[in-house]
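When the chains are written out, they are named A, B, C, D, E and F in that same order, and each has its own residue count from 1.
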Amino acid sequence: MDHALSTLLSPVVLFFGLGFGAGLLRSSLAVPEALAKGLSLYLMLAIGFKGGVEMSHAHLDADVVSTVGLGLGAGFGLPVVAYALLRGFTRLERIDAASVAAHYGSISVVTFVAASDYLGGLSIGFDGYIIAVVALMETPAIIAGLWLAQRGQGSPRRRGFDRELTREVFLNGSVVLLLGSLAIGWLTGDEGMRAIEPFIGAPFKGVLCLFLLDMGLAASTRLRAAGGLELRLIAFGLVMPLVGATFGLVGSALCGLPTGTAILLTVLCASASYIAVPAAMRVALPQANPAYSLTLSLGITFPFNIVVGIPVYTHLARALLH
Amino acid sequence: MQAMPTITSRKKLELIVDRAHLRRFIETLERSGVRGYTVLESTSGKGTRGAWLPDRLTDATDRVVVVAVAHPDAADHVLEDLGALFEELPGVAFVSDVQVLRPERF
Amino acid sequence: MDHALSTLLSPVVLFFGLGFGAGLLRSSLAVPEALAKGLSLYLMLAIGFKGGVEMSHAHLDADVVSTVGLGLGAGFGLPVVAYALLRGFTRLERIDAASVAAHYGSISVVTFVAASDYLGGLSIGFDGYIIAVVALMETPAIIAGLWLAQRGQGSPRRRGFDRELTREVFLNGSVVLLLGSLAIGWLTGDEGMRAIEPFIGAPFKGVLCLFLLDMGLAASTRLRAAGGLELRLIAFGLVMPLVGATFGLVGSALCGLPTGTAILLTVLCASASYIAVPAAMRVALPQANPAYSLTLSLGITFPFNIVVGIPVYTHLARALLH
Amino acid sequence: MQAMPTITSRKKLELIVDRAHLRRFIETLERSGVRGYTVLESTSGKGTRGAWLPDRLTDATDRVVVVAVAHPDAADHVLEDLGALFEELPGVAFVSDVQVLRPERF
Amino acid sequence: MQAMPTITSRKKLELIVDRAHLRRFIETLERSGVRGYTVLESTSGKGTRGAWLPDRLTDATDRVVVVAVAHPDAADHVLEDLGALFEELPGVAFVSDVQVLRPERF
Amino acid sequence: MDHALSTLLSPVVLFFGLGFGAGLLRSSLAVPEALAKGLSLYLMLAIGFKGGVEMSHAHLDADVVSTVGLGLGAGFGLPVVAYALLRGFTRLERIDAASVAAHYGSISVVTFVAASDYLGGLSIGFDGYIIAVVALMETPAIIAGLWLAQRGQGSPRRRGFDRELTREVFLNGSVVLLLGSLAIGWLTGDEGMRAIEPFIGAPFKGVLCLFLLDMGLAASTRLRAAGGLELRLIAFGLVMPLVGATFGLVGSALCGLPTGTAILLTVLCASASYIAVPAAMRVALPQANPAYSLTLSLGITFPFNIVVGIPVYTHLARALLH
């Protein structure tokens, strides 16, 4: 399994490790917040656009329906599994467990991008519409999480689905930018790509390195806060991605998805949100403590997926789907 | 030669709340007759929910400081409403006395 | 007129539309301020430098004199027309009308860049010195606006042309960066261009897409504020660019300017400032309410020019000047 | 064992003004004998000219908060001068009592 | 109908210090029993060491404002400790009276 | 000596001049802080990585040892010389003199990058390991400065080498990023370079232009503050780089370093820190006034090196080492 070594030796993963190590050692290295946000916009614009251009070539087939179905299934189903695990094995209360569960039903765009970059290195192709699935999987888990939090509560929810929440759930920035760029890529096709390739194509991997340097810093800052967490909660952060990945792999195998697409769907199931869901949870479940979910999703699950998960899922998918 | 400006007592309200809930606190202020306010960003802090640092990826953990100078009557109203709102949302509020120029504005 | 369709289908305009739509729907999509400012510096540096390199090839002819003349004429003259329209047909008071008028005599660099990008797509060339005209047209309108505001006032102006104002008018950041980059491009010529082309050339269009995404968000935020404006004021935001464009087109025809240069001059006349002039007005006319001018120039005139204006002016110029 | 530090009364001035006019307000403070101040940025607010949001493209709409602790005599002077300046420029000012360490600094 | 909320007196401490020394000042606050604080960034200012502007390249010149509402006893302790700390590190501190909701938090 | 002219006419130096001039004239031109910091991260990541890739090709020889030795010698020794000059000829007190001395023993990454860019233009090569020397020279001077400040003080230092200080000295962001990128470049070699070249290679010079525009603004802001400084202190800012350069040149000649490497080492010795050392000094010597060191290193020595120093040192090195 020398893939594993080659992942670890890719500049993308090494820069992640550099940021992570610098953060653990409390180096003064810091990426300005505006830059980190800008890089994240760039990545979403770029992958959305590329996915759209891909889609303008392909004609959609039955795989689309199964992939979307699996994605939505994961979005609504994984939070329920996560909630059961958290309530059964850890000391988290209902609200906090529901909030953490929502994070794990949703996805991490950066993990997805790192995985697609990894596949690129192995020359494994995938379908452009998977980008649409990324966007579709951002938010169902939020709804599942709210349902889990309110289930069995006598009093009806106080303020309903208000403006702020709608905004965070359905008009979330990541969703809008991913789907919008996808649509633009699809509309402008190869000609559009020629025009902006020198911005979103060639330099993409380098930008990803810089972004993962920052993600390493962010993840280690969160991980340092994990000292205060109960051990079983930390274990959850390592087990839950495997549960998600199993769902993704088995589902993909049953639906007969092509390998590349199956791997990416698996990575989506295994990853947890640290952008869209935290924002929605602040509005919807203000009583939930954001420290739990961010420490788990960003401090534990994210590095696990980047360093261990992606090569392992790829290996398994290739074994299982060939 | 300038006339000595009129100085009058008003109340200064200060709220430290999650940015995600800012709109609801502002609505509460306005409903109680507060006619102006200023929002500042906080970059770190500590409270009953422990210390926090800004999260560079999501604004979910950000706190803001709202400063509003208001007529004492409006301030009383606000405090009543805030008491109720703080049962649902986290945050801190405090009031102090200030002297203002051009009191008719507040 | 399939130009129109092709403008609407260019990635640049589509990303503008994406940002605009996201803003109208109150999506949480946001571009950090530092990034927006950085992109704007990049665009000015790039177009200034390219214009300078162009100029290092061409020998200047009489067209330069007529273009500069028309530009200055627009800068000083259009505010007077705008002021007359505003005072005659809307309820704006003297100071606010003068402030809005100043915005319309000045120019929008982004509109200019979008237009030059559009011309590039149609393979219509233009002269490098037009960049100098962009810079020259930034500020005369400020002086005209101040004159309009103080005309017929008994009391002399209180503080004269103080340091802050001089800084905003003559040493405005955009003017300095445009002219400076132009000079550097002119001095270093093709060799300079070879050195920095991979930064300012190839990726330019992609960066422009990201910037227009942000401009779409900014414009729609402003447009939402237009609800409070009187209808005639909104109409002014649509009529005034046509007045400016007419001046530009007729002037260009009379002076016999080449098509590409004529179109860009027309776009400059039709566009309104939302960077340099607002900053100067805060200092020079603190009593003016910036909401009027920004809503009109950024919320109404800017999107109008990007989506409708540029292709229309181009069509007319080609018909008129052939 | 430490000596109890001396605590003395001073005035805290707070100004909320347009950033474009900051220099003129600072000059007014300094002319009146204020020896130190701190400027903070505001990110949104509302006043008699309506609500405002920062404009990402131009800083023309930005507001800043100026905090200055000063001797009561200096504060009185400032208030007089501000009364005049506020006839020309927009903004809000208020004053309150504070206790300071090392009073000789203010 | 809502019950009138309880309003109680507390002290508001405000510190303006170099960001490089923030951690030491926070430690001092916490040692004295201050249970919450909020940090804001300052963007320019002037004091005995002259005017300063933020340096874009190094954060070495940055100042922060720390706001902490605390029980009067804690505030007294803090002031004593700050008196000593200010012999070593630069900065300014002042205290004022505020009324708070939910006094048990402070 | 038409090198000098060609330096002055390189876009990099011209953009520095543009920023410097704009700042002196108090133009409103401004680069957002987050952008400036982001550009600085980019430059360090890029030069670190390139240096590492270089090193993966070369086998290290005795030159490495002499270069590192000279670098450390400069880091520990130049502060002593600087301190003696400051105490002998200016009115600076012990603490302030020690702080300024520490700045001059350390280095300026941007000056280094400008010099390596200049050498590139003259087709003078240099060894990749010099990047490691850059990182190594960042911090010894801080230790030397602290020693100078405490020498001959009766009372022992109050707080020892505390966490903050260790962080600033040994885990300083620049050091970590430079060495980390160097290691990643060395590990991933040519393959890594192919992957991220379109980000860190081709656009590098253009990004450097934008960064030097900002550095020009920063330097002139500092220089404006120099009005309050005693004349001898300003003279120190011009003399000390020559002292450092002399050390670098003579040392390189004695050790027989190749020309390119010798020039860069000379530039490092001649340059003064304005990022790492100021941050460490705030923590270690809070009584020192940062205005002295920043005005001297950024307002005087930095522009001197960019415009005059680099071509002069290059000229001398070529004469001396051939």
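Worth a mention:
Convention: a residue touches a chain if its C-beta (ideal position, glycine included) is under 8 Å from a C-beta of that chain, and two chains touch if they have at least 3 such contacts.
These numbers were taken from a predicted model, which means no experiment stands behind them.
Under the touch definition stated at the top, chain D and chain E share these contacting partners: B. Distance between Cα centroids is largest for the pairing of chain A with D.
Set against the C-alpha centre of chain E, every other chain centre is closer than that of C. Look at where the CA atoms of chain A average out and do the same for chain B: the two points lie 36 Å apart.
Look at where the CA atoms of chain B average out and do the same for chain D: the two points lie 18 Å apart.
Centre-to-centre separation of chain D and chain F, using mean CA positions: 39 Å.
Shared interface positions of chain F, defined as residues touching 2 or more other chains, are 31-35, 37-38, 198, 203, 279.
Counting partners per residue, chain D has 40-41, 96-97 as the residues that reach two or more other chains. If touching chains are joined by edges, the resulting network of the protein chains shown has some other shape, matching none of path, cycle, star or complete graph. Taken pair by pair, the chains that touch are A-B, A-C, A-F, B-D, B-E, C-D, C-F, D-E, E-F. Residues of chain D touching chain B in their complex: 14, 16, 40-48, 63, 65, 79-80, 82-84, 86, 92-97. The part of chain F that touches chain E in the complex is made up of residues 31, 33, 36-37, 40, 158, 164, 214, 218, 221, 274-276, 278-279, 281-283, 286, 289-291, 294, 298.
Across the complex, chain C meets chain A through its residues 9-11, 14-15, 18, 21-22, 25-35, 38, 198, 202-207, 209-210, 213. Remark: chain F residues 32-35, 37-38, 41-42, 45, 49, 163, 167-168, 171-173, 176-177, 180-181, 183-184, 187-188, 192, 195-200, 203, 279 touch chain A in the complex.
By the touch rule above, chain D contacts chain C in their complex via residues 18, 20-21, 23, 49-50, 52-61, 88-90.
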